[in-house]
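Next, two complexes with subunit A in common: one pairs it with subunit B, the other with subunit C.
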Partner chain A sequence: MRKEELLRQIYAVWREGDEFSLSVAIIELIQKFPSVRHMPMTRFQQLARENSLTKDPYLSQRVVQYLCGADSPVLNIGAELIEEDDEVYQLKADELRLAVNHKLHPLTGEIDETLADRIFVYFYPSEFIKDILAKDAEK
Partner chain B sequence: MSKQPPANNILATAKFGRVMDALQERCSWVLAREMLSSKNIKPGLGWADLVARGEKGDSEGALISSLFRTFFWDYVVAGKRHIQLYDLPDDVWLQISKELSTASVQHSVFMTSYPLPLSQPALTTAPVDQTLCEIRTLPNDEYQLVFCSSRSFEESLTLERKTSPAVMAAVDQAIPGYSRLIAYKQQWVQAFDVISFRPKLGRVEVALDMNNRGMNFDEEAFSLKLLAATKAVLPSIAPIYTGQIPMDLFAAINEIYKSRSSSELKIIDTNFRTPSGALNRGKMPSAEDDIRDEDFHRNGVAGIKKEIRVGGLVVAWEFHYPPGSAKTKLWTRISLAAGQNPNLYSMEVFDAAKDGDISQACTKIVKFL
Partner chain C sequence: MSERQTLGEFHAAMASVPGGARFIERISASSFEQFISLLHEDINDIVREMEANPDHHQNSDEDGLTYFVEALLKQRSYRASKGARSGGSIDLTVTGRLEGFSWIAEAKIFTSIAAVREGFLQLHTRYRCADIEKAKVGMLVYIKREHPRRLMDEWRGELKKMDLIDLSFLPCPTRPQTAFLTIHSPTHSDIATETRHVSVSLYHKPLDKSGRRAKKYKGR
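Then we have the complex of A and B:
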């Protein structure tokens, strides 16, 4: 798939709404920084402000949810555990599953009822969008 | 390097739950989980689940029980350690090896449960001096002496009106106006300090146990105490005890930083100063990524023409042969690195599952000197 084709696909879903504008801004951000590997939700909210989009707090959530989906899989989801002393631990997929489903702390091996409060998601570009942008750069 | 426990009835016959309680006090779940995964056993839902599975009479239970008893044995001398390195001259080793052939472990209260730790009440009266509990023979003519001692630390508990209204009401009556009460309780843990003789590497390692939470003590003084305790068993160590200072590891910090990142070596945490005098810290949240390959760090270092003064770093090692892994921390105080003669006489090795990992980590660091 080419970048134009992807943008047409996203446009077909959102039309000329702010969702489309934010999707384009996210893709352009990835194009500008192909090595980006950590984008928290606040980065997308900031991006919406930078592009003078609606202040609707759910805008970035809607867009990110869509870009993580099967239709236009631009973003992957990662998660990290941030303890009260600000120690950060990146969760692997199975650790995240056990943490969410069973409240199993990945470092202590004990059930932790408040674990979910310290798990934070972030996003990073998928191989799908990296391939598309690499092809675009070759043009 | 991993080997089966010798005929140690205590570890072999102790209830699996007791072994695992002792291990959980000292070992991170990540290491236990990695060990299980390497044997194609599902890690399951944490320590409690693992104990339940290990206590079952089925084949998986027997395997888990056997694996963790061996793991515990290996872990007694590994985990997280404060390490000082000394040269081991051939002539000194010759004398020490003669003494080792006749040295023996004397009975002490620790031997009633070794290698498992004593109970909390027993630890309150157990010796605080390092007491020889085992002489471990390793391949390559290497020997380890394991010394146990009782170490205390204070655990604090904060009580507030919302969570402890009854206690806080009593506090309010006694000393009105206070909204929080911080209580301290003295806790005891058993330390397993180790001194290793590695004649083929020409090295002695003085490795203090840092595994239990709350362990906070004067490492320099305890390292000297460990050497003194060793001298009581092996008098020939005297030239090392009285005549040497530990190896200065400071130079390794910058040498490691200047080396290339590889599948074996990843710098995951560093503090450094730049020509402007700015203090910086760079840390990766995953042991799979090297901070030197990170865009901001790499471009920043290039921007100052590599004029970077590194004061500390944590390296995640993946050893290829023999396979293993560990992390090392070489860290100096900013004031020390700013002085005339900076030096670093100790390092921390952690996340090491067995002695072989500790030994390889030390060897890697020494190669950078």
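Then we have the complex of A and C:
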């Protein structure tokens, strides 16, 4: 898929909505910084402000839900558990689900009521978008 | 780059957008059963949204209504397409980000029992699931007429007359009043296939004074 085609696909879902504008801004950010590995949600909220897309406080959440999905899989989600000793553990998808639904600690297997306060969520570019942007750079 | 967000903060914020409360479950679904269960919940939400605003859908035909469902599924992290080919041009095909999970559905406006019956026959004799071992499919029945439950009961009665092999009925656990499940073994596979029949009630004819006067409701 080419970048133009991807943008048309995203536009078909959101039309003139701010979701389309923020999706484009995120793709352009990835194009500008192709090696970016950690994008927290707050970075997308900052992008929304920079692009004057500030009417809706949950715009970034809707865009992330879409861009992490199967239609235009631009982003992957990552989650890291940081304990008091600053040891960082990357959660796998199943572990993330169990942490959300059952507060299950990925290393001890025990219920941990404060677990969600020590896991940090971030996003990073998918291989799908990297391939598209690499093709775009060749033009 | 910027300040970090905890899983607790992230999950709470996601719960504020349609479908967001199930976002993490959806993108981490690792079994077909998880995928289908979440998809059914998401379709329930979309149906509720349509039923809450029936006036928005009065001028939409079958394709228009299905495009609406398709767009909302895409917004909720699915790939959804109308007209994908697998044995025929399927009304709605939905997949997740993980390879191998897919669900197909036939969508019909309830103009007559015969029309719904045709849709069911297309679904089970023309279209094919991507994997017959994962045989769960759907019927979306858009009802723009009065008495949707009565019409769905008629449809249930019609299914009993259709000589479907090993047919059984089950209540829908998440929409017991407005949906039901059937299981039967289509002749092309001989594998027990679950169909979820979901009614989408879109009848809208306000009887208050302004409704009675409005041109758009005349003749309905």
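As a working rule, the second predicted complex is superposed on the first by the 108 of 139 C-alpha atoms of A that agree within 3 Å, B and C clash if a C-alpha of one lies under 4 Å from a C-alpha of the other, contacts with A are read in each partner's own complex, and residues count from 1 in each chain.
As a convention for this text, a residue touches a chain if its C-beta (ideal position, glycine included) is under 8 Å from a C-beta of that chain, and two chains touch if they have at least 3 such contacts.
In this text the structure is predicted, and so the values were computed from the model without any measurement.
Enquirer: Kindly classify A:66 by the partners it touches after superposition: subunit B alone (first), subunit C alone (second), both, or neither?
Expert: A:66: touches subunit C, not subunit B.
Enquirer: Which holds for A:116: it touches subunit B only (first), subunit C only (second), both, or neither?
Expert: It touches subunit C, and subunit B stays clear.
Enquirer: For A:35, using the defined touch cut-off, is the partner it touches subunit B, subunit C, both, or neither? Pick first, second, both or neither.
Expert: Only subunit B is touched by A:35; subunit C is not.
Enquirer: Once chain A of both complexes is superposed, is A:54 in touch with subunit B (first), subunit C (second), both, or neither?
Expert: Once the two structures are laid over each other on A, A:54 reaches no partner at all.
Enquirer: If you tally the residues of subunit A touched by each partner, is the higher count for subunit B or for subunit C?
Expert: C
Enquirer: Mind pulling up the subunit C residues that touch subunit A in the complex?
Expert: 1-8, 10-11, 13-14, 16-20, 23-28, 30, 71, 74-80, 95-97
Enquirer: List the residues on subunit A that touch subunit B in their complex, please.
Expert: 33, 35, 80, 88-90, 98, 102, 104-111
Enquirer: Quick one: which bits of subunit A touch subunit C in the complex? Just the residue numbers, please.
Expert: That would be residues 13-14, 36, 38-43, 46, 58, 61-62, 64-66, 68-71, 73, 77, 79, 93-94, 96-97, 99-101, 115-122 of subunit A.
Enquirer: If we count contacts the way the header does, which residues on subunit B are in touch with subunit A in the complex?
Expert: 24, 28-30, 32-33, 45-48, 50, 283, 285-286, 295
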